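Structures incoming, each one as structure tokens.
In the two complexes below, chain A is the common chain; its partner is chain B in one and chain C in the other.
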Partner chain A sequence: MSVEAREARQPWILLSPALTAVALLLFVPLIFIVIYSFWLRTATGGDEVGFFLDNWQEALSDAFYRDILLNTLKIAAITTFVCAVMGYPAAYFIARAKGNKVILLLLLMLPFWISYIIRTMSWINILGVSGALNSVLIWLGVIGEPIQMLYNETTVILGLVHFLLPFMVLNVFVSLDGIDTNLEDAANSLGATRWQAFLQVTLPLSLPGLAAGGLLCFVLGAGTYITPLVLGGPRDAMFANLVFEAIITQLNWPLGSALSLMLLAVLGALVLIYNRYLGMAQLMKGLG
Partner chain B sequence: MTKKMDNTTRYERLRERYMNGDLDRRSFLGLIGAAGLAYGVTTPFARYANAQTVSQVRFDGWGGVVSEAFREHAFDPYTAKTGIEVVDGTFGGGDEYLSRVKASQEGEYNIAHLSGVFDYARYHNLGLSAELNEDNIPNLEFVIPKLVDVFRKVSDGKLSCVPYDYGTTGIAYNRKHISDEEAKEKGAMLLIDEAYKGKIAGWSDWRTRLWYAALQTGQDPNNIEDIEAAWDAVRTHRDLSLKYWGSGAELMSLLAEEEVYVTEGWSGRIYALQEQGHDMGYIDPPNGMGWQECLFVIKGSPMEACEELLNFMLAPETSIAVAEGQNYPPALDPQKVDLGDKIPSLPAFDPTGTLEGLTFADPEYWNGNEQEWSKTFGRVQKGY
Partner chain C sequence: MSAVTLNNIVKRFGTFTAVHQSSLEIAEGAFVTLLGPSGCGKTTNLRMIAGLLDPTEGEILIGGKRVNDVPIHKRNLGLVFQNYALFPHKTVAENVAFGLKYRDVPSGDIRRRVQDALELVQLPNVGERYPKELSGGQQQRIALARAIVIEPDVLLLDEPLSALDANLREDMRVELKRIQERIGVTTVFVTHDQSEALAMSDQIVVMSAGRVEQVGAPQEVYNTPSSEFVANFLGASNILEGKCTDIGADKVALEAPIFGKLAIPAEKAPLIKGPGPAKLVVRAEKLQLSQSPAPDGVVSVPAHVETVDYQGQAVRYFVRAGDTQLQAINMIDGYPFAEGTEVNLLLRPQDCAALPG
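Let's look at the complex of A and B:
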């Protein structure tokens, strides 16, 4: 075998364990889900094997699914926006910090050491009728009776922001950290104020990081079902909750498969658009 | 005569040959890989081969105080007696668990603490039932006959479970805010009382929602004639509710933290709250929801070990201890077994052993409508 041929094969040999894992753990289950989506649920909860378009017809034509999908995208968009507004200053502070950035980054990663569900449930102890916030407000005499703060769309968004904010901060930080600070100094020396230098130099250069963080927050936010389950009221459901209900409560795996593929298609389209205009490289940097 | 070699010895010999230089690295790794592949392929079948030497049985139940009672009074003593370990898992509801069992390999799940005859019928209709050898469960004779008969009807006279306890899903309320007189007077209507808007909760289970909607619209829960009126009652409850709860722990937390003042609740969990010192009231309105739970053996389980565990759990001393721990009356017939002092004080307890005072869900009726109603509830819940 020639040297060129061997060199051409080497990356594939090194990649083969990862590719095998992706094939077995992602593509094979995905194929099963695609196949399932064309089956039907029987009256007893079993599956009727065949090729039926009923689930797809229902998922695509029923206004109920469309409305919940739009509401899910709305909640994910608001969450992403709040994460960007809150995350950018934090990332900027870390990137420009003169001290040890590692400690600040470590603090940022700390929440990941606690289970996502526990973190979500912690809001019940903070915002509940007998929670910390109400207790403090009553103690200070600001309110006489506890305020009902939990179990609505706002608390769902709050829970999602709590979960997703570190993803945004990390991505923006990676982007800001790569910008040469001499560029801001150069802008200042040419007469720009610090604010102008930030707006016209730093911010545009950090946009790929902001977009990568936004994409991550949006995709993860739109796919969640735990947060609305724990912090939402009776009506606060997101699309992933429909998938959960179809598969778990109604034992309708075929419809649940069609719905999950529908969500995957919408979020996949967003990723493709992002990749078309910004490329995945920035996202990889942020995740790395 | 050749001595049978186990896998560890095989590996050690192979490693020794490799370390001694008798085997090149490529061959060594190749043989390890082949052994791993062979093990992976045969493991699902090895499960059946090992069925006669059972070392553990898996049991799934409702978690919380119920699981604690099972662990302390049944599983640990059973393991001490037989050497068979009981691995216990939990679930939030029968639907969720059925989905898990459906996705599992045969034999992975063994015994489940199922609620209601309708659940038993669903498992049976999906081909998940096993046939118990009742000769191995002599303690079945202490069980209330009516509880056994309803299961036999579903599975052609045979049993895939033993009845274990019963209870009700009644109305639980905080006495600081709602008096006993008011609760009795309003009954099921208390759950759709405008005066408590934002302080009402309910279980996110479609059967319970429709059952109470039937009561609120003056209908027989086992024969709802005006289903649209019932759905409207579900909507009214939804709009007045703060939260649908999904587990016993969440139910107890919502009441204990005073997030809500009234909800329907499981009799044993409310009794547990009362025992903890919370001033909770509990009533079963006329035609309130009664249910019986069973220990269901899933197809593919090691039958003899499961039957031995069921018999152990039905022994009066075990069954009474578990009942006192989980606060649900046992399925034991009070006419045959002395149930002690605490059990007669538990909510839903029937001293006659006939259970005539409780209304149970008709499995045929509810399972016949399950597909349509569970789906409709999913929509009503979200504002439709």
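Let's look at the complex of A and C:
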């Protein structure tokens, strides 16, 4: 075998374990889901194998699904916006910190060591009827009776921000950290105030990081079902809750498959648009 | 009136003192170089003039006005960085126009002044391009154009040539000096490269460990170093511990190892005030290796060639005379002396300098 042929084969040999895993654990199940979505759930509880468009018709025409999809996108958008507003200053602080940035980043990652579900449930202890906040307010005499603060859209967004903020901070940090601090000095020396230099130089150069963080927050936020399940009320279901409901509660795998593919298509389209304009490289930087 | 004055400036970072009590007067229109090894405080001084750092003590005057409390964006200075620091998301023309936008210049004038600046740096046709499409040398020219287009009171250059290739660096050196002379702006240039400093400056400020060692014209600093540090930092010198035996009107009598008694011109020993310990400073290129007898008035000492460092048009010898090792840099015509050759070291006393011991 020639040297060229051997060198050409080498990456594939190294990639093969990962490719096998991706194929078996991602692509094959995805194909199953696509096939399932065309089967039909019968009245007796069994699945009728075949090519039926009923699930798709129901998923795409029922206003109930449409409204929940729109609401899901709205909640994801608000969450992303709040994460951007809260995360940018934090990322800026870390990127410009004189001391040990690694420690600050480690502190940022610290919540990831605790299960996402536990972190979400911790809000019940804080905002619940007998939670910390109500107890303090009653003790201070601000309120007489505990207030019901949980189980609404605001707490869902709160929980999502809690979950997603580190992703935003990390992505913005990576892009801010890559900006030469001389650029701001140069802008200042040319007559720009610090704020003007930020708006003219630092902010535009950090937009790719902001966009990458935004995409992650949006996609992860729009795909979640735990946060609305734990912190939302009955009317705060998000789209992934419908998939959960169809598959786990009603055991209607065909409908659940069609619904999950719908969400995949919407979020996939977003990722493609992002990739078209900004490229995946920025996202990789943030994740690495 | 001086363009820039530093009055007893001290800069401390925590317990570390980066700049000790340094004072400096920079004349209007002068090209002044802060020269020294890394960590000597030259960049700290530049950054304090720029307003990027605040001095711990002392005051800074620009055009006779105290600027300690004037923020950087109001100082009207042109700043050029080693890594160019061009705004990567703006075109070349937008980069150059950046400072003019904050100076109430009408937009028609902005375009004309940007074009003039680009022509001055000999890159009139790159306005629409982005910095990353230009070579390093071109980017540095654009950085210079951006700094001078605002007609700064002082141009501050922080090792602007260090990131360039050796050949380009020498071209840019000539170019930079040409532009500075053309617009006549007072310039403070920071470098660790002695040849840049010697070639470009009206005045060199040699710094070491946060202190100003010597201030003077290039020839003065080179020929009459005022300290051992300066003698060694600018070129290579041999420094021999000796003593001054007598001081005359125009000559100083020195006694040094190897070379014995020498009478050197008084202007080459300005710091020697009377008999006592003294150091003889012999520049490596003033020490000539020869196998012919010495002409009149030239001291000749036998020596042995130990190491030959061949550099093409010149050669650096390490020779041993008695138990002392000396360096000599000689221009050569053809082949250098081989290692192990016995030679004579020729030295003209008027080429020596002396420092107090």
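Following the convention adopted for this analysis, the second predicted complex is superposed on the first by the 288 of 288 C-alpha atoms of A that agree within 3 Å, B and C clash if a C-alpha of one lies under 4 Å from a C-alpha of the other, contacts with A are read in each partner's own complex, and residues count from 1 in each chain.
Keep in mind that, in the parts below, contacts are C-beta pairs under 8 Å (C-beta built on N, C-alpha and C of every residue); 3 or more make two chains touch, one makes a residue touch a chain.
Please read these numbers as outputs of a predicted model, since none were measured by experiment.
Superimposing the complexes on chain A yields a three-chain arrangement in which chain B and chain C fit side by side.
With both structures placed on the common chain, the touch criterion links A:Asn188 to chain C but leaves chain B unconnected.
Within the superposed three-chain model, A:Leu251 lies in touch with chain B and out of touch with chain C [touch as defined at top].
Here the apex is the CA centre of chain A, and the angle it makes with the centres of chain B and chain C after alignment on chain A is 150°, in steps of 10. Legend: residue contacts after superposition of the two complexes on their common chain; A:Lys98 is shown touching neither chain B nor chain C. Applying the stated contact rule after C-alpha superposition, one finds that A:Arg276 touches neither chain B nor chain C.
In the superposition on chain A, the chain among chain B and chain C reaching more residues of chain A is B.
When the two complexes are overlaid on their common chain A, residue A:Gln148 makes contact with chain B while staying clear of chain C.
Put simply, the nearest alpha carbons of chain B and chain C end up 48 Å apart when the two models share chain A. Shared contact residues of chain A with chain B and chain C: none. Interface residues of chain B facing chain A in the complex, by the touch rule stated above, are 93, 95-96, 98-99, 102, 122, 125-126, 198, 206, 238, 241-244, 246, 253, 257-259, 370-371, 374-375, 378-379, 381-384. Of all residues in chain C, only 50-52, 71-79, 81, 83, 85, 87-89, 98-99, 101-103, 146-147, 150, 156 touch chain A in the complex they form.
Residue ranges of chain A in contact with chain B, taken from their complex: 41, 43-46, 64, 68, 124, 128-130, 148, 150-151, 229, 233-235, 237, 242, 245-253.
Here chain A touches chain C in the complex through residues 180, 182-183, 185-194, 196, 200-201, 204-205, going by the rule given at the top.
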